[in-house]
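Scrolling down, you'll hit the structures one after another.
Both of the next two complexes hold subunit A, though its partner changes from subunit B to subunit C.
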Partner chain A sequence: MSTPNLGTLRDLPKARLFWPIVTLVALLLLNFAVSPGFFAIRFQNGHLFGSLVDILRNGAPTLLVALGMTVVIATRGIDLSVGAVVAISGALACTIIADSPTPDSLGTVLAAVAVALVFSLVLGAWNGLLVAVFGIQPIIATLILMTAGRGIAMLITEGNIITISSAPYKVIGAGYWFGLPASIVIAGVMFAVAALLTRKTALGLLIESVGINPVASRLAGVRSRGIVWVVYVFSGLCAAIAGLMISSNVTAADANSAGLYIEMDAILAVVIGGTSLAGGRYSLTGTLIGAFVIQTLTTTVYTVGIAPSITLVFKALVVIAVCLLQSPALQARLRSRRASTKGVLA
Partner chain B sequence: MTITPSTAPATDAPRPAVEPIIRVDDISISFPGVKALDRVSFRMFPGEVHSLMGENGAGKSTLIKALTGVYSIDSGSMTLGGAPLVISGPAQAQAAGISTVYQEVNLLPNLSVAENIMLGREPRRAGAIDWRAMRARAAQLLARLNLDIDPASLLSAHSLAVQQLVAIARATDVDAKVLILDEPTSSLDADEVSELFRVIRGLKDDGVAILFVSHFLDQVYEISDRLTVLRNGALVGEYLTREILRIELVHKMIGKELATLDSLESKTRQAAVEGDVVEVPYLEAVGLGRKGSVEPTDLAIREGEVVGLAGLLGSGRTEIARLITGADRADSGEVLVRGAKRRLRTPRVALRDRIAYSSEDRKREGIVEDLSVRDNIVLALQADRGWFRRISRKRQDELANSYISALGIRPANPDALVRNLSGGNQQKVLLARWLAVAPRLLVLDEPTRGIDVGAKAEIQKLVSNLADEGMAVVFISAELEEVLRLSHRIAVMRDRRKVADLPNEDVTVGQIMGLIASGAEA
Partner chain C sequence: MTTLISTSARRGRDLLGSRYTPVLVTLVLLILVFAAGASQYRGFASGQVIANLFVDNAFLIVLAVGMTFVILTGGIDLSVGSVVALSTMIAASLARAGWPPAAIILVVLVTTSTLGLLVGLVIHYFEIQPFIATLAAMFLARGLCYVISLDSISITEPWFTAMAQTRIPLAPGLSISPSVIVAAVVVIVAFVVLHYSRLGRTVYAIGGGEHSATLMGLPVPRTKVLVYVISGFCSGVAGILFTFYTLSGYSLTAVGMELDAIAAVVIGGTLLTGGYGFVLGSLLGVLLLGVIQTIISFEGTLSSWWTKIVIGSLLLVFIVLQRLLTARRR
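This part shows the complex of A and B:
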């Protein structure tokens, strides 16, 4: 029987986040073995530098998108439109800044950011409307915006790649706050907000309840429609912030390639973090670790020097391994084999 | 318990020359905490229609699932045509000659009739499907049922009744010796039923043994030759349909249970007299109905009163309960709460009027199985308070612990996942959830079904105490003794209609059974 305390080492592999953490540590150690300076962190000109910092910084957009994805998946949904929302928010902000006579003023940048974020709330509400009110399957409902969203981004940028030069905007993706990359601070704040919102309000309980048993939840008076709406809006907001980060980092908005396939990375991060795609119990911490596993994988490909042609295969192998290790069916099989070799009576 | 010994009553030994095609001897099946079938014997002869009768939890579907290999039996033996029947799955059962048509037509509406009939057994030629042979075979099977439809037409183009017949055609393709029809008529109208019966009679003449499961007594009497009654997982007896009166049958299905709650009886009935007619009922339904579910019905429930709803499965007892609690939306009539008109569109709206509904389907509509006992208990209260007024962890623990000890929930651990609790304890967790919202009207639909005797007595006692404290309670149960013991007033439902509403004064189980069964003898 599982006990809440993780006292003995023997119970450790049963803990929810054991395998994701093991994977993350293993990947980091592999990097360390290949390049011994991997764990070195330097403090230079008041800024932190190092490979680990890079992983955190580059992983921030994926983590943000995965955060929103986690709560959506917890309600038995999925949000495929996040990549498109990333593109739209970047396109909106960059276009506003580029069209402004004062691209370097803080006011312009704040206005651009506000417009992008507010529009992402509208996009999230649109997804929520289709799923919660019209009862369209989430995968189809968000597929609409996944496709149409790129078109909207193209309309905003008029088909061009909008390059901008705006110092305040550049901070979001490439600047530093308190010695830390700003993107890490932003992602950390969003993670804290999500954790507080789900723990300190009843949202966490109600989201899980709707995800596990929507019929019973309805009879218990849970407003599942409102819950579903909120998670899609939150997902849209997270994707928009990621979009600002990505476009700020490259000081350009590319409607075609910004956030391309980020939904896949986000879903993988959620799954690696131990949240089931069937909905219900979810773990934000798991998603955090999952997002770092994904980002560390990408980094590993470069440090270990894996040929670009087999990069995707390598990624897939690691993901399969993590998922298999967490699979209840496999665990049960391993357990029964262990039990039978020991000759333990059931 | 007045369960007749498992040997069939010696009324007669029909068709002594014929050997039973199916013979089941003393089989038992247990699930954790429940004995679903307890040494049940059962037999079927070729060329007969045999009805399997019993209320919820009687063991009908367990027996069917044993016959079709879905469940494996713990003890006892089964033979088919004299040879031991050893099957480990529906496909093998079908290959052995036992076919089943389930309650919900499980066909594919977007495929043709022929494709549906032959699905998984498509005739092939050189690896590809031989469409011509397939349509020919399908046409042949349809002709056997005297069903004149185009095999190439889409299944969804036909009525439910025809779809049901297509399912039967599919089931009879594999040279079925035994055909199991599980509630085949529940969604059919009268004409469609007679069409189905015509087909059943044809199959019967061909020597197929047909197991017919239906909760419509009229249909059972019309079509079946023999019937077997189960109750609480045990065999009550096997009878010739023409020799058993309806009232006897209902009596055997519902049965008697002598419980040990004598003290309850006098106490609750007293309260009924006190709660006089003067006051406005807490809830009053006027002509409340829903098409295809329950006819317009009047029902009033006063505070401090337990209203028992009696009737067979499908009689409207659950359906009216769902209408007064917002679980389903009524399309006629109105609801008054304390005399004021209310539109109970959703359970949430009803809960705001302090009306709580505990569904009969504990697993699907009750517990949230992957959440803890604590979370399950506070769920409805938290939903009512909204997202941002979270109940503090301290208060949650107080609530959970107080209900765990008040209701005796085991294990007494608020962190335990509800899925790991026994049925009785899950039911108590649900009661705790509803009690936590301090309802003024509590509607309990089969709260004691499938749980052990101890938990049952505790729940009955609780219901009685709640009413004493002024709560209005609607109590639904298939067990009439239980309804009589607890209720101040009893509403009897039959055929989606309320047929009686009487104070529980000198009412006997026999009278109620008469009301449930009548129409038959009348």
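This part shows the complex of A and C:
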């Protein structure tokens, strides 16, 4: 790394990830100012502990869902059904484990996880079918599964909250691997796989081209239908893994409240990370930062001692502010003002 | 959408036949489902069961009317459920503080309309997608509910309890609640506005093609903002009707009601891309959802989650139907 000259320093605020990173750092510093022990990380019983680790761990499900959402949004789509898929996968896995005579055996847990993941692939393929083959608007196509999905989850749990006690299953959401919380490892692996697949192969380029101009990319020989199908399947898979984490963390499947509003958090993470909802250019790293901004925001509410009753208002105001700052109209206005002041100076 | 307009000029008669098709399909389906219910269960085909469809869904009818305006312009309003909850909270807390009912209603309607106005301004002037802007409003309204109170507030105000208990007899053994009359007035006003006023024409024109509407010299910005004000106002009215129904205010009430409203509008034959649809179709959509709910409650053994699955399936059928119809027109 050479020392940056003045020119690159001046260009820094224009970098895509500059503002998301500033937001994250500001939030972390705010936490540090309020509770000085915030950055402390302890190593105890072979595990890592600390507020930062908690943020990573609690942010893992949101990160996973947001990861899938990023590639969907990159193709000009949106997936509203992720919350329902979270509920379905948790419900399916917990029901299988609860019904089995050996809930503690690794085989049972693996079978339950496999069934939940395969079913989520089917759900993702269903969304992809509606969008890619029938050509239905993504908001509406995934709205169907968002509505019906909670019903399916309740059908699986028969309307009850299924509680389970299974040591291997608990590992997914609350256990530790190599001293790190397992959920962080899983989310990290998924992130790495997504990054490798889309950035080290042509897949990322194809996804962006479909998002920028579906017709032109089809004429250029891109199989946009297949690409769109793949991103919805991936989004379903990510949501299902998040669902397993959430249900494993609380050792219960609640068809009504599991993953409620997680689609909103995921969309926000993507938007904060600088990916445009209009499709095209996307940033997985941006989404990673966005997901942690949201989780840190939630944590900040607790450390700063904001009353839980106004948490949602606080979050809503942040969302509105971020959206307004990123709105094309405001950006254009700011740019023209900057250009005019430059003109005056020259 | 512009292609639709040009073909409509060429094949006017053909289009006239297909324009009402989705609404007619909904009507036929409504009659079929009702007939199926009547043949299965004793006492289903009574006047009071039909009247109760309106009584139990008065608030949803009003919500669907507001949503119809928004969807006709090609937008969507995800905040309505939270705004209903906010309305019940404002009404319940003010009633507890001893405010007179007229003032309570005024405060609720002004608040919800203002919220709609803000959403509309953000959508139009900041060019933020309606979906995102109303999502933020959904968060905000739900958050404001929590600020008012985390607990359920019951309403003991005499006028509200009177409205909840009053039944207007239509015939022997047949009565409706005052909410039904409010809903009917809202539907009639919306029908007249959409079909016999400049505002209504502009709403359809924006849905047909915003650019063309602007070129035609129509007041696009004002109308685009106004539909969200209308939706906010309708959410306020629906919220008040909902308090008549439940006699309480609760932060967690009406979660997911926006989906019911959207489903009713879509099932009622309104095109989600805007430009095509009828407010009476939305009314039929609400009634169809109501009949399904009634059948599920008559059945008894069928659990309530089937409602969600059936609504989801119906949504699917109607959206595919819309695709087929628009594809044929092209």
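As a convention for this text, the second predicted complex is superposed on the first by the 312 of 346 C-alpha atoms of A that agree within 3 Å, B and C clash if a C-alpha of one lies under 4 Å from a C-alpha of the other, contacts with A are read in each partner's own complex, and residues count from 1 in each chain.
Just so it is clear, a contact is a pair of C-beta atoms (placed from the backbone, for glycine too) under 8 Å apart; a residue touches a chain by one contact, two chains touch by 3 or more.
Computed from a predicted structure; not experimentally measured.
Q: Give one of first, second, both or neither to describe whether A:S247 is in contact with subunit B, with subunit C, with both, or with none.
A: neither
Q: Mind working out whether A:I136 is in touch with subunit B, subunit C, both or neither, as first, second, both or neither?
A: In the superposition, A:I136 contacts subunit C only.
Q: Give one of first, second, both or neither to describe whether A:L206 is in contact with subunit B, with subunit C, with both, or with none.
A: In the superposition, A:L206 contacts subunit B only.
Q: In the superposed model, which partner reaches more residues of subunit A, subunit B or subunit C?
A: Looking at subunit A, the partner in contact with more of its residues is C.
Q: Quick one: is A:T296 in contact with subunit B, with subunit C, with both, or with neither? Answer first, second, both or neither.
A: So A:T296 meets neither subunit B nor subunit C here.
Q: Answer with first, second, both or neither: which of subunit B and subunit C does A:G280 touch in the superposed model?
A: After superposition on chain A, A:G280 lies in contact with subunit B alone.
Q: Going by the contact rule set out at the top, does A:T108 touch subunit B (first), subunit C (second), both, or neither?
A: neither
Q: On the A-aligned overlay, A:K315 touches which partner chain: subunit B = first, subunit C = second, or both, or neither?
A: In the superposition, A:K315 contacts subunit C only.
Q: Under the stated touch criterion, which partner chain does A:S89 make contact with: subunit B (first), subunit C (second), both, or neither?
A: neither
Q: Can you tell me which positions in subunit C touch subunit A when the two form their complex?
A: Within the complex, subunit C touches subunit A at residues 76, 122, 125-129, 131-133, 135-137, 139-140, 142-144, 146-147, 150, 255, 259, 262-263, 266, 272-273, 303-309, 311-313, 315-316, 319-320, 323.
Q: Given the complex with subunit B, which residues does subunit A contribute to the contact?
A: Touching subunit B from subunit A are residues 4, 200-203, 205-206, 208-209, 212-213, 215-223, 226, 280-281.
Q: Over in the complex, which subunit B residues touch subunit A? Could you list them?
A: Residue list for subunit B touching subunit A: 327, 346-348, 351, 357, 359, 364-371, 375, 378-380, 382-391, 415, 433, 437.
Q: Per the contact definition, I'd like the list of subunit A residues that touch subunit C in the complex.
A: 78, 130, 134-137, 139-141, 143-152, 154-155, 158-159, 255, 260, 264, 267, 271, 277, 308-317, 319-320, 323-324, 327-330
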